[in-house]
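There are two complexes below, and they share chain A, which is joined by chain B in the first and by chain C in the second.
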Partner chain A sequence: MQVRFSHISLAFTPDKDTLHDLNFTINDGELVCLLGPSGGGKSTTLNLISGLLVPTKGKVLFDNQDVTKMGPSERKIGMVFQNYSLYPHLTVENNIAFPLKIAHWKKADRLARAAKLAKLVHVEDQLQKNVNELSGGQQQRVAIARALAKDPNILLLDEPLSNLDARLRMEMREEIRRIQQETKITTVFVTHDQSEAMHISDSVMVLHNAQIQQYSKPNELYDHPANQFVASFIGDNPLNTFDRSLLDDTELKEELGEVYDKATTVGVRAENIVLTKSEDTYQHGVRCKLLKSHRYGLISTRLYSFKGIELDATGLTEIHDINEEVEIYFQKRGFFLFDASGNNLFLE
Partner chain B sequence: MTKRKLANILFFLILVLGALIMVFPFFWMISTSVKTPSEAAQVPPMLWPKHPHWVNFVNAFHAAPFGRYLVNSLIVTVCTTAAQMFTSILAAFAFSKLKFWGKNLIFMIFLTTMMVPIEMLIIPNYVTLSETHLMNTYLALILPWAASFFTVFTLRQAFNAVPPQVYYAAKIDGASDWKYLWTVLVPICRSSIVAMTILEVISSWNDFMWPMIVTNDPNMRTLPVAVASFTNDVGTNYPYMMAAATFVIIPMIILYVILEKYIIQGITKGGLVG
Partner chain C sequence: MINQKISWKQTLHALLYLAPMMILLSIFFLYPIISTFILSVFKKYNFYTNAGQGIGFDNFAYLWHDPMFHQAVKNTFIFVLGVVPASIIISLGIALLLNRFSKVRGFFQTLYFLPYVTSTVAIAMVWTWIYHSDYGVLNFILKLFHLPPVGWLTDPHYTMLTLIIFSIWKNLGLNIILFLVALNSVPKQYYLSASIDGATPWQQFTNITVPLISPTTFLLTINAMIASFKVFDQIYVFYHNTAGPNNSGMTIVYYLYQKFYVENNYTVASAAGTVLFVIILLATLLQNYVSKHYVHY
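And now, the complex of A and B:
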């Protein structure tokens, strides 16, 4: 089912919008991540889709049908919460079958459905156990099965992996993807973990400051961030940013051309700093001094000093001494210029 | 090792002493109930009579219509407890999960009523019931206890401990507030609810003052009041009174033994000191 927000605003207090004029469409059968730091409005957006919250302004449309005024139970959605929110007094089987019991299904029918869903999420051998006896990962599987019980049109997941440890999180991430692809259900997934969002989704919506910062395919976010916020939020390594004026007396300025004059801030990804120039890089580098060098496992990190500011670089293999001056080059794909309001000037 | 053993023995002795102190009144009750009136009044008191008069139990039971009193006590206890639990569960749910105007203010006002001692309520309640011509009825025995803010408060604490997401999950699963309350919240909080039920059963079963005040028809008396009727102008027949007291408290002791687990759980979970 297609989900559309049309001019949605939500204000908990009259003077400040928690969400401001949101417009987007989630296509049928897609898995979309709502990504952003806490307080960015992603859970609020999810709750607006679920009907647990009602917008102050605007319309929520499911397949062009206006559902803005409908309660959560009428919207045919399933939802999974961060803390699983299973019913602790019921067995796995009865947890999965609970929505069907509320909908007055016959006992035999609902148990059959519960067994089928348990199989889908791989907890079929746990059906008679109390949910408290299960591990976190298993509990989350049960929560997903329960959310799917009524054959919803949309599956909503609110930070479903945050309570799991790192290894289990990776496993469950793949599981959610598998279940979503098997059921072909439109899925909205809330997370603050950019790598989770990048791995799992068809599209990612970055939410910050009550607004959509960017809504596009995962790789698009990384390659062509709309603004400085997205550029620094996406990616495993921090984005180096510094004032444009530091480049004023370099030849790099000439190479960048007209766009340079509009920029106020420069952003360079740590993984796009290299020591040799090539076709991928700008032909003019900047002179830096190596301050620190670190390596753990596969990852090596370096800290360079450039005109009093510090630049992180990762993935460099050439060895050179601390305090030695070298020329560093910026790869074009990880180099951005932002204007005063943070917009990526290379996108214009 | 030996030091630990010694500590254990000492600990055990203290517990035994505590248990003896708690059990002694019960023992004294039973011992008195099988004495003759003169043995019961004897100084120094005798611990256990040479020839126990078990017949006292039969005589005490026939001295008054205890069958009728037992029925009265059962009706009053069951109805009071059921009514109080029902109103308290609904009120606790409202205070815990619902949003309405003045919620906190109303809660604070109710909270202050907990500071009013029960004895203070006797006169206004009495006046209300006599004005509405309810004296000597079951309603008089039940109505004043059909709501208890102490129970509301305790259950609200238990309900608050259930994460709000469970409520949202139930909403999404299609449950109304009413369905959520009875199929999810109440079962989750059953140990607190059972504990409060038992406390209310005990206090209702043992209540003496209120039934004494609102009933003067012997047919409407409850067991504790009946027990007191062995005191008259001439004096008190202690053996009969204690025999009657014994069969009044036996149901409570049985109930306690069966449900002990829940009482302890409920009290420790709710974090209340009764």
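And now, the complex of A and C:
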């Protein structure tokens, strides 16, 4: 089912919009992640899709049908909560079948459906157990099965992996992807973990400051961030940013051309700082001094000083001494110029 | 430490810590209970010398044939069945209402709790006025609905009803408070996820609330049941030191009281106490058994 938001605003208090004029479309059968820091409006957006919240302005459309005024059960959605919200007094089987019991299905029918779903999420050997006896990952699977019980139009997952340990999180995100692809259900997934979002989704919507910062394919976010916020939020290492004026007396300024004058801030990804120039890099570098060097297993990090500011660099393998001055080069794909309102100038 | 075997010395050490409580329990609970059992099988007993003669079940045989005791047992059961389910259901209903209206909650909570912290005797005095056949509020209300006045405290047919109404009202306070605590401890998320599945408020109540507060319901039921089996104070006050008109309010504890203090028949009183003990024990065991299937911890 296709989900469309048309000029949606939501204000909990009259003077401040929690969400402001949201417009987007989630296509049928897609898995979309809502990504952003806490308080960015991710869960609010999810609750607007579910019908738990009603927008102050605008329309929610499911396959072009206006569902703005409908409650969650009328919209036929399935939801998985962060802490799973499984009923502690029911067995796995009865938890999965609970929505069907509410819908007055016959006992034999709902248990058959529960068994089928348990198979889909791989908990078929746990059906008679109490939910408290299950591990976190298994509880997660049961919660997904329950959300799918009534064959919903849309599956909504609210930070479903944040209660799991790192390894299980990786396993479960693949599982969610697999289940989604097997059922072909339109899925919306809320997370604050960008790597989670990048790994499993067809599209990612970055939400911050009550607005959509960018809504595109996962790699687009990394390669062509719409603005400074997205550029610094996406990626495993923090984005190095500094004032444009620091480059004013370098030859790099000339190489960047006209766009340079519109910029106020420069952003460079830590993994795109190199020590040798090539076709991928700008031909002019800047002179820096090495302050610190560390290695953590696979990753080595360095801290360079450039005109009094510090630049993080990762992925460098050439060894040189602390305090030694070297020329560093910026790879074009990880180098951005932002204007005063933070927009990525290379996108225009 | 954890895998160490427990030595005698450690056991002794533990007992030492337990001793103060054990001693108090033994003096005030264990000793009286055992004394009662012993007293109930004496054929003859001298209160002043604390000397018993002859052992047998004469006292129990006496109870078996005493119509007054039959009346007492019957009334006690009527009382328990009348008070326990009704007070649990009514207090759960009020707790659900109060839970909805959080603004007035504190006020009503206090109001309902007052009877619980006030002495039964004092409230029962007030209720003798409420129940008064000529000037009582209750009959005034009946009159408003064009119903004939009832001799609450004088008509033997109404004695048990009078006692039951009063006791339900008196039990409400504690039950409501404990139900409110239980209701608040049910995570809100369960209701949210049930409402997404389209559960009506009634379905949410029966499928989520009832099972999840069942430990509290169980505790309150046992508590109310034991207290109800021991009903005495209100009868004593309502009927001015009698068991109601024509002994219509005779209960096991009142019977015990009458045998012990009025008729000085100590051994029969003890036998009645033993019977009550066994009844409560059996009822509690039965509830425990039932609860295994319906209570979710």
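Remarks
Basically, the second predicted complex is superposed on the first by the 348 of 348 C-alpha atoms of A that agree within 3 Å, B and C clash if a C-alpha of one lies under 4 Å from a C-alpha of the other, contacts with A are read in each partner's own complex, and residues count from 1 in each chain.
The rule we apply is simple: a residue touches a chain if its C-beta (ideal position, glycine included) is under 8 Å from a C-beta of that chain, and two chains touch if they have at least 3 such contacts.
Owing to the predicted nature of the structure, the values given are computational and were not obtained by experimental measurement.
Annotation for the three-chain superposition on chain A: chain B and chain C clash. In the overlay built on the shared chain, the residue A:L291 is in contact with neither chain B nor chain C.
When the two structures are aligned on the shared chain, A:I102 is found in touch with chain B and with chain C.
Of the two partner chains placed by superposition, chain B and chain C are both touched by A:L52.
Once chain A of one complex is fitted onto chain A of the other, the partner contacts of A:L347 are absent, as it touches neither chain B nor chain C.
Of the two partner chains placed by superposition, chain B and chain C are both touched by A:K150. Using the contact criterion defined above for the overlaid structures, shared-chain residue A:P88 touches chain B and also reaches chain C. Between chain B and chain C, it is B that contacts the larger number of residues in chain A.
Of the two partner chains placed by superposition, A:I309 touches none, neither chain B nor chain C. Once the two complexes are overlaid on the shared chain, A:I322 sits clear of chain B and of chain C alike. Shared interface residues of chain A, touching chain B in one complex and chain C in the other, are 50, 52, 71-73, 77-79, 81, 83, 85, 87-89, 98-99, 101-103, 150. For chain A in complex with chain C, the residues that touch the partner chain are 50, 52, 71-73, 77-79, 81, 83, 85, 87-89, 98-99, 101-103, 150.
Those residues of chain A that touch chain B in the shared complex are 50, 52, 71-73, 77-79, 81-83, 85-89, 98-99, 101-103, 146-147, 149-150. Of all residues in chain B, only 163, 165-166, 168-175, 179, 183-184, 187-188, 190 touch chain A in the complex they form. Interface residues of chain C, counted against chain A in their complex, comprise 187, 189-190, 192-199, 203, 207-208, 211-212, 214, 296.
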